[in-house]
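In this document, chain identifiers A, B and C correspond to the written order of the chains, with residue numbering beginning at 1 in each.
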Amino acid sequence: MTKNQTNSTLGNSKKKANNAPKLDRGFAGQDIISVSQFSRENLEHIFAAAERMRTTVKEQGAADTLKGSVLACLFYEPSTRTSSSFIAAMSRLGGTVIPITQGVQFSSVSKGESLPDTIRTLESYADVIVIRHPEMGSAQMAADYARKPIINGGDGIGEHPTQALLDMFTIKEELGRIDGLTVGMVGDLRYGRTVHSLARLLCLYDVQFKFVSPEILRLPLDVMNDIRDHGVAVTETYDVAEIISDVDVLYVTRVQKERFADLSQYEEVKDQYVITPELMEHAKEKMVVMHPLPRVGEISYHVDSDPRAAYFRQMENGMYIRMALLAAVLGRA
Amino acid sequence: MTKNQTNSTLGNSKKKANNAPKLDRGFAGQDIISVSQFSRENLEHIFAAAERMRTTVKEQGAADTLKGSVLACLFYEPSTRTSSSFIAAMSRLGGTVIPITQGVQFSSVSKGESLPDTIRTLESYADVIVIRHPEMGSAQMAADYARKPIINGGDGIGEHPTQALLDMFTIKEELGRIDGLTVGMVGDLRYGRTVHSLARLLCLYDVQFKFVSPEILRLPLDVMNDIRDHGVAVTETYDVAEIISDVDVLYVTRVQKERFADLSQYEEVKDQYVITPELMEHAKEKMVVMHPLPRVGEISYHVDSDPRAAYFRQMENGMYIRMALLAAVLGRA
Amino acid sequence: MTKNQTNSTLGNSKKKANNAPKLDRGFAGQDIISVSQFSRENLEHIFAAAERMRTTVKEQGAADTLKGSVLACLFYEPSTRTSSSFIAAMSRLGGTVIPITQGVQFSSVSKGESLPDTIRTLESYADVIVIRHPEMGSAQMAADYARKPIINGGDGIGEHPTQALLDMFTIKEELGRIDGLTVGMVGDLRYGRTVHSLARLLCLYDVQFKFVSPEILRLPLDVMNDIRDHGVAVTETYDVAEIISDVDVLYVTRVQKERFADLSQYEEVKDQYVITPELMEHAKEKMVVMHPLPRVGEISYHVDSDPRAAYFRQMENGMYIRMALLAAVLGRA
């Protein structure tokens, strides 16, 4: 492995996730912590690998690429989707998985062990570690102490880079390109880390944004400023109906009732963020509706049979992207 | 896969499990939801496959039949026996497993995701899904939305078809035939889905039944009528001692204290449903005692060393039957 | 398998762990329950196998030695370290694992099933079982009823033999020998089963002991007498500073605040059991600091970069020892 280690300094340094170094060509031995590590070239590289993974799965079910390799899935909070996807990805590459997903029962933690100690123990058994942890910065901290590659499977309100990568990959696969697209993002744009990470990656391409959210859930200023720094055109509205006919991608997230102090306010606006077949009649013929899932009502089930509904294909792409990342950091992509 | 899908209609249709279609020859791409899907020919087919599986395991430990295939084990309630058996079955066929068995912590569910969405996500990672769920009809609902084969691992008071199949297979293996046998069923015949499913499958053969239960736990009328429709001879008694010398198969289930409003009533009858070495002295020399396990006192530990005690062999048969089913629905049996 | 079974006698016999029979050459088909089963020759045998396992992992990642074999990991209490290590060990030998680690949700147990029944069910699916259970004697009880090999993964205040073996192996690997060493053991010597088991194994060699603990956490009389029966030289002190310059091995365990009725007493002594860089200045140049982990402050993080800090290498050795044991009991070492 080629990682630069900082094992000698410990303590409570909790660096911010976006301190992770830019990725080298090929990613071998490197950590995947933040979307900020990715250049456009890195993305193209991983998309090409993910396409090869799809072909392998469709033709053979699995490969022996990572035979003999072990992945530790260290989930401090449950996430069926992410953990299942990584387990399937490792399995379809011929590798094996140590699943550690015991939530509150997580034993060493309940005994008070520090995250660095847990990581250094697991890397003595495994070749690569995926960590999901409720605290922002935890994945970077894990990476700081590990000799083996760390993949961030979501660190609280921090990042969830593999989600952003699979979102990008889905846009590319569905529409054949990313440059030139108009991307609508709908729902909770304030707290949704998924939206923030995806928006930042999209800024590496020539896109336009149309943001749709209730006033109290507008995109935070820091993300908005990052986007503007890239010279990307942005519009903001309150109602998805206003932008539905303009977008090539409609990325939907949930507007949670809990975010509203005044529930009457929620009741007033909620219907403006629900995707229905009626709304879809106004959308372009060639466009995609995406969602990170799980959904709870924000996309009508009746939209599922619409060929533009890409969210289940998006899930499947998650497996290919994770296969590509695992193979890459283990030097086999 | 050859499944007919009904993805376009959603909502709360919750069809009853026995709406599942009859199985084609070979089962490839089909769902295993209910014993009602099985003809006598289907049973012979799966028993023959299970016997081949036994030979493979005894001679080689495992095969590569399902190399490259992934099973998702989606358990909404824990069941060590069923999940362990499926994991072993898939492993011994060279496939891999995504275990999702986190009970109440089950994350997407706690986020309010619908069963169809969870299923459609998992089938984007896996090739086949085993589902166990506390609600009757859930397995059929999963099958309605899935493109990949669904196997019912128990749906509440509904069905548990792989249990019934392993029970049938055990009778066949232990006694060499099913036709002509007298089958005693003992204990909780009212609530025991295991007993109901097994009784229905046995009606495909030329058998006689002897049912033994407390009055309040007698076989429900609908199951009894189904049996009579097949022209199968039935007797009912309160005491296992009355039938012990007549039966070729004694299928024992637990009489739970909780079923009795009046505990003195329970105390009065409970000993009539416990299998002891003394009782076994009156049984045929060639017969079998079976139990779906776990047991809590209804079969004395002292019976375990009796060669007629088949319940641990029955467990082992569960693995072979599940191997046969997995290979069959994936088109490799 | 060559095990002598006692399946015919059941009941509540709960034999003590050290009733386990001495190991034959090779261990095939035998149970690993207690360190008392091991002779010096057995240890050399397993250390040689573990060294071969290390070579395999370093050179190839994994082997096919146990292809087709299935391990059931039956954990009645969570232990990330032990279960992860066994899962990695089995995976790196080409075998597969049934993980059963659901803590309080453990279903058959919550249904009241006895340990022997659970074991006999699991051995119908698996080829070898690792059991961790909070009650002393449970691993031996499991072995009494199993036809397949049982490995004790820790039985409450009883034993944790694979921990003791990996500790011994680490000393051998780090220092090249065990004969002639002076071993310091620090911390909670009263309740620490790890310390007791290791001390007993060390008595098979020509060693000296230096025990360091608070008065109330001194080594129990029975362990001390066993050591003295072997004619091993022993000293006891209250302060690690007194022995740091003498020892070749410093085995550190935690002094838990909860052991002290009078907290002021704890405050008074606690610093005498913390390993710091300052303390390490007085240690030999060639010696090792070990710890079973997890640690909570008893070894300063600043010691981690000291080349004599062996605790993370010790973890890795745990995987090699467990690989060696699994291969051995399955007749493939």
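Quick note on the criterion: a residue touches a chain if its C-beta (ideal position, glycine included) is under 8 Å from a C-beta of that chain, and two chains touch if they have at least 3 such contacts.
Computed from a predicted structure; not experimentally measured.
Colleague: If you fit chain A onto chain C using the CA atoms, what's the rotation angle, as a multiple of 5 degrees?
Modeller: That rotation is 120 degrees, given to the nearest 5.
Colleague: Copies chain A and chain B touch; is their interface built from the same residue numbers (over half shared) or different ones?
Modeller: different
Colleague: What whole-number Å value describes the gap between the mean CA coordinates of chain A and chain B?
Modeller: Between these chains, centre-to-centre, one finds 40 Å.
Colleague: Which positions in chain B touch two or more other chains at once?
Modeller: Where chain B meets two or more other chains at a single residue, that happens at 96, 99.
Colleague: In the complex of these two chains, what residues of chain A are touching chain C?
Modeller: So the residues of chain A touching chain C come out as 7-8, 10-11, 67-70, 72, 96, 98-100, 102, 105-108, 111-113, 116-118, 120-122, 124-127.
Colleague: Give every residue of chain B touching chain C within the complex, in rising order.
Modeller: 60-62, 77-81, 84-85, 87-88, 91-92, 96, 99, 101, 103-104, 293-296, 301-302, 304-305, 312-313, 315-316, 318-319
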